[in-house]
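As written, the chain order gives the labels A, B and C, with residue 1 at the start of each chain.
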């Protein structure tokens, strides 16, 4: 009976711990919980973001989102152009006291690129690695590849010994019928240590006094509390039960701004919200699928009043988007960022030309726990499409329920938000969304489209080391995306964090990731 | 008496087996567990292999027996969503729910009994009329509306009490309690009141009805005639007579309150079993749903059986009556 | 006892003034002389509740003709008209008397349509539970033996699980198993079944107990001997005897059913957001509790409470009026 021993273990820990006495403990009210303590078992930006406080990569983003050394101190590309040599930081230890070595890097890279790993798409170029000595490792790629460092920022490094001891060398496979040890235990090198975790209730992190870096923060720890209801989150913030939320509901910002003890941090997220289409023969209903026709997709775009969505649903806080990547992302260009005029009559005319019948029914798949105000903008768009004589069947449910339908092609039209994380480059959506679905490419190509010309451009860019040339290739590929209406960009979603006056510093990042190792609170510590 | 005990226990076991059968049906018929467990890249061969390993190719009866055998040992498998042992998940949440339910029960008794007595002894007064009306309003207010109103008033407007969560908890062995810390106690107030609203009116109405009956009995009239003070007759002699049904009701309602707590837990984001269950429902996490169903039914059936047995012990006439005391729906 | 029940039966249309079939001619006259009618006239709260329920039911039934908008027609919702406050607010706009929600849905229309759904689901689930419960109770009581055993054991099992839990499970499972298109169409029938399934047992037990008593009586035995359809005879004797408690229970269960529907919808396993019932409206409005858009949540909540309150007040009065001990 495994659970009995676990209960005893928690019991023993509980007697010793008692109520915390630390001063600067930041209560973080998030809109949802992390999926697991294993960053490789859950391919999801938020989970990886939170676990980044515990686990670190070889390199990391600094305050200005530039790449800087982390667990690796330097790197070079060897003469064959496809092998990278990393020199690792000395004197780093994991939370369990084990020293950090090249063996750990190798075990982690193998683990994340294992074929059952949901995160293997995040390290697409990896082929193999070789331990040169304790603090040097060679990583071999499948070709010249410009974006390895970007990828590595979010490939968290595990302790090999710990993985082996606990039988967790492979990513958690729920089908195996055993609990994954790494799912509810964590052992990284990062600034915070996981003290306890109760899924959906709270996860307690304490500061790692042995962290290799000079901390910019003054926290003694933080507690991640998922508070799903936006109203409760606001109430909790106003009453000071939580110190920080990375998801202040857009509709409540005026109220929060008016509160004397709360400060709202606003910006525009890098995440571009898009609508995707099925390219299969038939719709889920079995009817012929009209959306593989470019003009039909164009019609659906014209029928959406982007201005009104921006003004009403997003309360003027979003940035209307014509391009599938945000302006700060390399590869963006202004001439791609044009939006069509709202023209329901023109849209209906296009549908008539394409022979789309009145009252055509199709599923419109949205998430209840996904993008900012997703349920509302989906309803609004469904209503706009109804007005050009279509019958969208809105299907709103949590991510965990919708994702299987989306990946299995078991739905028609769907929403997708893409922030190009962790790469912060337009190569990311081109490879993961717009490229045909083959191997590690097109993992999020849920509609099943294939544009050989686009694929060729993406592949060429993927091996081009010269930045200018590469971005030009990517720009051409994005042009195809735009002209073919492969996906319809709606907006870059607003980003709103809020802190109470107990927090003195909380830098806002355009990738919408809280990095609490930069946060400061006003208690003495 | 022994025969009765055996009979009631056998009945309870039968009921639990039937509930287990229902839970098992949910397990079997609701989607394909393999599809929910494997990741998208899994091949057909891997799926078939997993199917075999999970015993999904065995006969229906074999699978049912295995499910019950595992369930009796507290093994419900692994949560699809949290990838953790289901019993550990539920075990962590159980104290939160039970504490909420017990506090709500205490509130319902402390408030409900005096109100019931007052409405009975001042039967025709304006106050009693108001209280009676109030009690109808009490059963008519959906508990989630009560919860929302409480949050609006006491958390948002007045800022007195927390709007969500359990506050700080202390672990005593495997039990985590919020009763020992100020923030834990503060966090308990609003959810407990919101859960107790319905129960208060139930207790109040029962006490009123019982009191009205008792007050008509000769025994009370004699006591009055002998010069026992009115207050003492009402609050001691008469009330004592009403307590048995109240205790019975309270005992049987605990099962219902545990189930109904899931609404309160949703409103207040209270980290109990109910919230776990509701999340399991939205995420189609079958093992958690099945385990919760069995556990709550088990508590329910156990309490009902205990009440029946106690009654039979107190009143031998009931021993050959097969009719049950009947669960109330709430 | 028997004649009281008959009077009760005559009075039934009164309690559901608008929701039940109109009374046959001649009933009115007899009803006016009944105890119940006198009791009713002497209870201002009962009169008030009946009037309130009548108004709420009528406006709900007439919703398509008296509302400004069809809130279920996606094409009728204009985002440009979103978040308009109630009419008495300076920013209010005709015809949105109670304002609009974030999609531009007229709150008053949504409430009236929502009440329709709530009332229909509550009423239909009580009728379904009554039909199933009465039939099964009669069958169990009349045949006895293993038939009785099977039916009553099934009832035991259902009563051993909390009501709300069964309803959630049925509703959630049916919802998840259906494709989105069908799910919308079947949402209300699913809820009706989900609420009826755990509640028929109560009726079945009452009828069964009465049937068991009647079964032993001579006329039934005699009817059996001469091969007359004795169950018909029984029906005439059993139903009047059990009607009083069953009617009180049904009225109170009607209130409970409406509450259950609202609760399920509030939890997100009931009516979908594009055909909102009152519970769904409250769930959606709950997100805007702090953003000043109070009308989105407050009005549906008030309407829900008024409906349940009026039903419960009638049920309460009925119970007291029919309880001889209290007279």
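Heads up, the rule we're going with is that a contact is a pair of C-beta atoms (placed from the backbone, for glycine too) under 8 Å apart; a residue touches a chain by one contact, two chains touch by 3 or more.
Source: prediction; values computed, not measured.
K.L.:
When the contacting C-beta pairs are counted for A-B and for A-C, which pair yields the higher total?
P.N.:
A-B
K.L.:
Per-chain C-alpha centres versus the global one: which chain is nearest?
P.N.:
B
K.L.:
At what distance in angstrom does the C-alpha mean of subunit C lie from that of subunit B?
P.N.:
24
K.L.:
Could you tell me the distance, in whole angstrom, between the mean C-alpha positions of subunit A and subunit B?
P.N.:
Here subunit A and subunit B have centroids separated by 40 Å.
K.L.:
Using CA atom averages as chain centres, what separation in Å is found between subunit A and subunit C?
P.N.:
From the centre of subunit A to the centre of subunit C is 46 Å.
K.L.:
At least two partner chains per residue is the criterion; list those residues in subunit C.
P.N.:
Residues 176, 268, 286, 289-290.
K.L.:
Which positions in subunit B are in touch with at least two other chains?
P.N.:
Residues 151, 156, 282, 284.
K.L.:
Would you please write down the residue numbers of subunit A that are in contact with two or more other chains?
P.N.:
Touching at least two other chains: 229, 231, 235, 238, 368, 401.
K.L.:
Over in the complex, which subunit C residues touch subunit A? Could you list them?
P.N.:
73-75, 77, 79-80, 82-83, 102-103, 176, 179-181, 184, 268, 272-274, 286-293
K.L.:
Going by the contact rule at the top, pick out the subunit A residues touching subunit B in the complex.
P.N.:
Residues of subunit A touching subunit B: 1-3, 6-8, 10-11, 13-15, 17-20, 35-36, 41, 115-116, 118, 172-175, 177-180, 183-184, 198-202, 225, 227-229, 231-232, 235-236, 238-239, 241, 368, 397-398, 400-401, 404, 407-408.
K.L.:
Which stretch or stretches of subunit B touch subunit A in the complex?
P.N.:
Those in contact with subunit A are residues 34-42, 46, 50, 53-54, 73-75, 77-78, 80-85, 87-89, 91-93, 151, 155-156, 159, 162-166, 168, 170-174, 176, 181, 268-269, 271, 275-276, 279, 282-284.
K.L.:
Which part of subunit A faces subunit C closely enough to touch in the complex?
P.N.:
Those residues of subunit A that touch subunit C are 229-231, 234-235, 238, 249, 251-252, 254-255, 284-285, 305, 308-309, 312-313, 361, 363, 368, 375-376, 379-380, 382-384, 386-387, 392-396, 401.
K.L.:
Once bound in the complex, which stretches of subunit C touch subunit B?
P.N.:
45, 153-154, 156-157, 159-165, 168-169, 172-173, 176-177, 198-199, 202, 205, 209, 255-256, 259, 262-263, 266-269, 279, 282, 286, 289-290, 297, 301, 304-305, 308-309, 311-313, 316, 325-326
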